[in-house]
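Take a look at this one; I'll ask things after.
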Amino acid sequence: MPLSVAVSGASGYAGGEILRLLAAHPEVEIRTVTAHANAGQPLIDHQPHLRSLRHLTLQPSTPEVLAGHDIVFLALPHGQSGQYTEALADTGLVIDAGADHRLTSAEDWAAFYGGDFHDAWTYGVPELIVDGAKQRERLVGASRIAAPGCNASTVALSLAPGVAAGVIDPGDIVSVLAVGPSGAGKSAKTTLLASEILGSANPYAIGGTHRHIPEIRQALRGAGAAGDIRISFTPVLVPMSRGILATSTAPIAPGVTDAEVREAWQSAYGDETFVQLLPEGSFPRTADVVGANTALMGLAVDRAAGRVVVVTAVDNLAKGTAGAAIQSMNIALGLPEAQGLSVNGVAP
Amino acid sequence: MPLSVAVSGASGYAGGEILRLLAAHPEVEIRTVTAHANAGQPLIDHQPHLRSLRHLTLQPSTPEVLAGHDIVFLALPHGQSGQYTEALADTGLVIDAGADHRLTSAEDWAAFYGGDFHDAWTYGVPELIVDGAKQRERLVGASRIAAPGCNASTVALSLAPGVAAGVIDPGDIVSVLAVGPSGAGKSAKTTLLASEILGSANPYAIGGTHRHIPEIRQALRGAGAAGDIRISFTPVLVPMSRGILATSTAPIAPGVTDAEVREAWQSAYGDETFVQLLPEGSFPRTADVVGANTALMGLAVDRAAGRVVVVTAVDNLAKGTAGAAIQSMNIALGLPEAQGLSVNGVAP
Amino acid sequence: MPLSVAVSGASGYAGGEILRLLAAHPEVEIRTVTAHANAGQPLIDHQPHLRSLRHLTLQPSTPEVLAGHDIVFLALPHGQSGQYTEALADTGLVIDAGADHRLTSAEDWAAFYGGDFHDAWTYGVPELIVDGAKQRERLVGASRIAAPGCNASTVALSLAPGVAAGVIDPGDIVSVLAVGPSGAGKSAKTTLLASEILGSANPYAIGGTHRHIPEIRQALRGAGAAGDIRISFTPVLVPMSRGILATSTAPIAPGVTDAEVREAWQSAYGDETFVQLLPEGSFPRTADVVGANTALMGLAVDRAAGRVVVVTAVDNLAKGTAGAAIQSMNIALGLPEAQGLSVNGVAP
Amino acid sequence: MPLSVAVSGASGYAGGEILRLLAAHPEVEIRTVTAHANAGQPLIDHQPHLRSLRHLTLQPSTPEVLAGHDIVFLALPHGQSGQYTEALADTGLVIDAGADHRLTSAEDWAAFYGGDFHDAWTYGVPELIVDGAKQRERLVGASRIAAPGCNASTVALSLAPGVAAGVIDPGDIVSVLAVGPSGAGKSAKTTLLASEILGSANPYAIGGTHRHIPEIRQALRGAGAAGDIRISFTPVLVPMSRGILATSTAPIAPGVTDAEVREAWQSAYGDETFVQLLPEGSFPRTADVVGANTALMGLAVDRAAGRVVVVTAVDNLAKGTAGAAIQSMNIALGLPEAQGLSVNGVAP
């Protein structure tokens, strides 16, 4: 018997991608989809690409509606997950695609989000090195999972191997990300209008204000960073609907050879399916991971600059959010980790 | 009587933008346009947007054809300008939009370009701080001008004020640029096909190999950098035809206040028409400078990261290349500096 | 002394383009800019590309504020122009970029717009053939001008020569337009979000419902159409911020030769600056008219299909709206018709 | 045991999409991939999104290399398929994604393609009405299949139901298509450069010259058109990598009601998985079928224009080419028709 699933926030972009992946997953049945303002309307009016789900109607996102499923996905703006805690107490697996359960530090939460702080759940980035092992181990059997912030997990995956191996200095990281506007959600804001984004590169959250910064620091601390983690983080909206291309650099640790640098990443990801280090001299493009659960990574050691450069391409909605959620679900439930997920992108 | 002008490389993107600006310039007459493979064809077949020039035919790019004008613009691939030196000996003003006359170091030339080294000409970035003054002063009366590399001048303008004032450390600069493909020229390469660029962010020249790196170092040395200049430089092609959004960061120099940082840029550019520092908290978008000769700059001091962040938007073909060339021409000839140039962009 | 100008709706796309063109016009001074919700804010916050106008503050769009100028531009949603009629009674020239004064038929107004009907003003498409002459003649000395609908004027200019010369049958016109989203205005609607438009072609107003249909019919009736004018009209949003590429076809009239067809357009536009028929076999691209006041037109006679095909490229904000308004202003005031307008586009 | 497959033209866009779909197909094993100029190189260098196939090397496209597989896909420029006929005589199933085996008329071939004419193979559009039945029936057990032209099948599917039911007049069809540049293939032509396509709508093959015209006429004749089929056909390149949005109109047949019109399409496609008629008032967007094997169709009856309007969205590489090929393969081999194919698109 398939596992019954409910997805809240089903009319948004993250919710839509969760549904797209679940629709192709052989072990689950999408029983319930919910929304706030759009409740009562056909799902297909809001996700016209999900033709196989055109029989579904959006129900209200109440705790009662979400209760009673084997698995619940919360794809809500931050600050809204808490209200469901009690009603979902008996739900076997809850995966929050929002930010509410990512941070372990109440102080960071207060500084970057504000409002009620909630306990951190198991972080849904299986390939991340945490305390010398993969986060995957913690996800086995987990019942509450926090899917990562898309930019945060991209940068964390980019640098964790180097931090864990001590080949880069996490005290002076610089990350600049070209990101597609779907990461900003389906909000009717004039700054996100096509006329504002087409033909333009638009920076935002500059100078240390982006909410994914504490999440990156937390992940790299977990990877084993000693001392301060400092990161200059700048996202730039560019005219592609999906995708993150993160260029991250950090100083080469003293006395480390180029081969040792590459070996850190190679040993971390050499056996992974969904995080792949490209051969020397190769670098990824976001188009190649569209729709895929794959993070593609290229690495250069720039001796003249004294820095390691890691360029990582991720589909913000797939591997960055919904794919990470499904992959974590698979692990938590003991299903094949890659089930329902594609390593190949849709290109061109 | 208007000044007679010849433009070589007139069928390419840089040549086309030079022509677009010259066509709106009241003091010049475009007498000759030349090309290599396309010689003999109507200009309008290659520049269909230049309707006012549809009477012109592309002539061969021979020294004889280019000789005999008051002003000659060379918009050729690097390595080709040298052949015209002798034939243009009597030409009052020659402006090279290629790289041949930008670098003062034969060593840099050999390392990043190769082939014959040529003397550097007066660098065509009027607002750049050089030895405590503006480059503008050197351009007055100049007869040989090297228009800048678009990425190089964008980064140089971004950081020169901080370097000159000693408020940032040029020993650990990181620049990541979102750039449009027109900067790569009108070359029939599969990597530049629309299908490869649309919906994708594509990095290139990663890890210290980009040819604009020595040009940036040279400019910042001119701005007064003491000690080593080290720069990690990563350009990323994004799906917009024009534009550079350069995110550049450098460590805050010890003991410097936020106000002192801002003051360095404010005093450098406060009186400039075409390089504008935006108010605190404001950052530029490339769309706002399309077709304009304007570099828009936003500045943040990120104390948590220990870095100054400068984000600069430039139209690579306009202020980055052709606009810089025309502005330099105006200065060299004693014409009003802004003649034929727009400070306003075409947006949305 | 320059003419004083006020622009209402100055924070929107049409208002912004009117301002961009006026800022480059030597005979006018932009004295007043107004808005509704954004009144009190700096103009530059809403039009960050208009750097030369950063001293202006948006004032409320009240009749009192708009009164007392030599020229007033109304760039408002339809239905709002009427309230200013009385206050602007003494204003020498009022140009409405909205729809309120375009239609001569109260019936058409009721069917396609609804609400109060207002008298038609002089239609601001100088090159349009009306009763055997150019509309230009009617614009000389006009004091009230209705700038055209961008799609409507594009299709009307495309077909009027053929209708006037009797070489096509206006009883079975089919027009399909690829249009950029800026034509839909700066409205915070989810359907206009970048994520919805990027990588997609989205049709709208299908099956005879688009508001520009009666305006096209009216123009073609003016051009001399005998009998019914029937038009199947389908606009398709495509991922470019500006531009209209209108493909319009109509049956070849019986007994007409290919040469006679071409001659109809050639004789209509052969002497025009801003409407240009391309040579046989050439067809226009929207990129070539970005920022320009130019309509580029290509023509084919498809004998196998029995139809004339006219493909016209226009910048919806420029020649389609603001450029038509400024050009009409120039004519009305006896200024050089091309003043402040560019025939060249910004490309690539 | 899985079926062994060879794909020629594997470094191009059509070949890449065939491989992407085959890689997700449970019944086949991709044994051989071939190319011309790129033979000897790793497939992954040319299809960097096909991570699961990074073990494959491109072999030369010789008959010997392609022979000996259960299934061979030819994704070659037209005119090249013929050379393989003999060598593949024993191959159970050959599917040509090129044009060589689509047309039944040698005259049409000569007029639109030229060169040697080859026999037509079974046309790979299962949902097409042919002689009162679906083409699917002919595909069962077929050994030689011609995958359709992407534009041709889109227009044919759009209109065949109306032609078959006699509710539209095929004597005056007008189709205008917004198409992505991937349909033009991975050819290094300057007209297909990103700088030429971004921000622009570019028409091509205007006035009856496009090679898909005879293929549409042939399909509609098969659907039952009596008398002449005449079609005005205009494709317009727009800045999206994939997708076709075809707006097709034809005169309403005399005496036919709106309900009868809709019923023609409803009855043709009501039971289909991959061709779906949207409810009245709904129209498709290309984004909703990206990567999917789905043709989404919207229909309007425009009485004022006297025309039926059908708007159809297709992914040119998927349903338009590779998806049609795989779907046809499934039918030919008696596999489940939808195997390895997705009805859901990847959006936004």
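Points to keep in mind about this one:
Read from first to last, the chains carry the letters A, B, C and D; within each, the first residue is number 1.
Simple rule for what comes next: a residue touches a chain if its C-beta (ideal position, glycine included) is under 8 Å from a C-beta of that chain, and two chains touch if they have at least 3 such contacts.
Please read all numbers here as calculations on a predicted model, not as lab measurements.
Judged by shared residue numbers over all numbers used at their interface, chain A and chain B contact each other through mostly the same positions, with over half in common.
Compared on C-beta pairs in contact, B-D and A-D come out with A-D as the pair having more.
Chain geometry summary: the mean Cα position of chain A and that of chain D are 35 Å apart.
We define each chain's centre as the mean of its Cα atoms; on that basis chain B and chain D are separated by 45 Å. Across the assembly, chain A contributes residues 13, 182, 195-196, 198-199, 239-242, 284-285, 287-288, 290, 347-348 that each touch 2 or more other chains. Remark: chain C residues 13, 16, 20, 23-24, 47-53, 182, 198-199, 241-242, 276, 284-285, 287-292, 294, 296, 342-348 touch chain B in the complex. Taken in their complex, chain B has these residues touching chain A: 172, 174, 176, 178, 195-196, 198-204, 206-208, 213, 230-234, 236, 238-243, 245, 247, 249, 251, 283-288, 290, 298, 300-307, 309, 311, 313, 347-348. In the complex of the two chains, the chain C residues touching chain A come out as 13, 180-182, 186-190, 192-199, 239-241.
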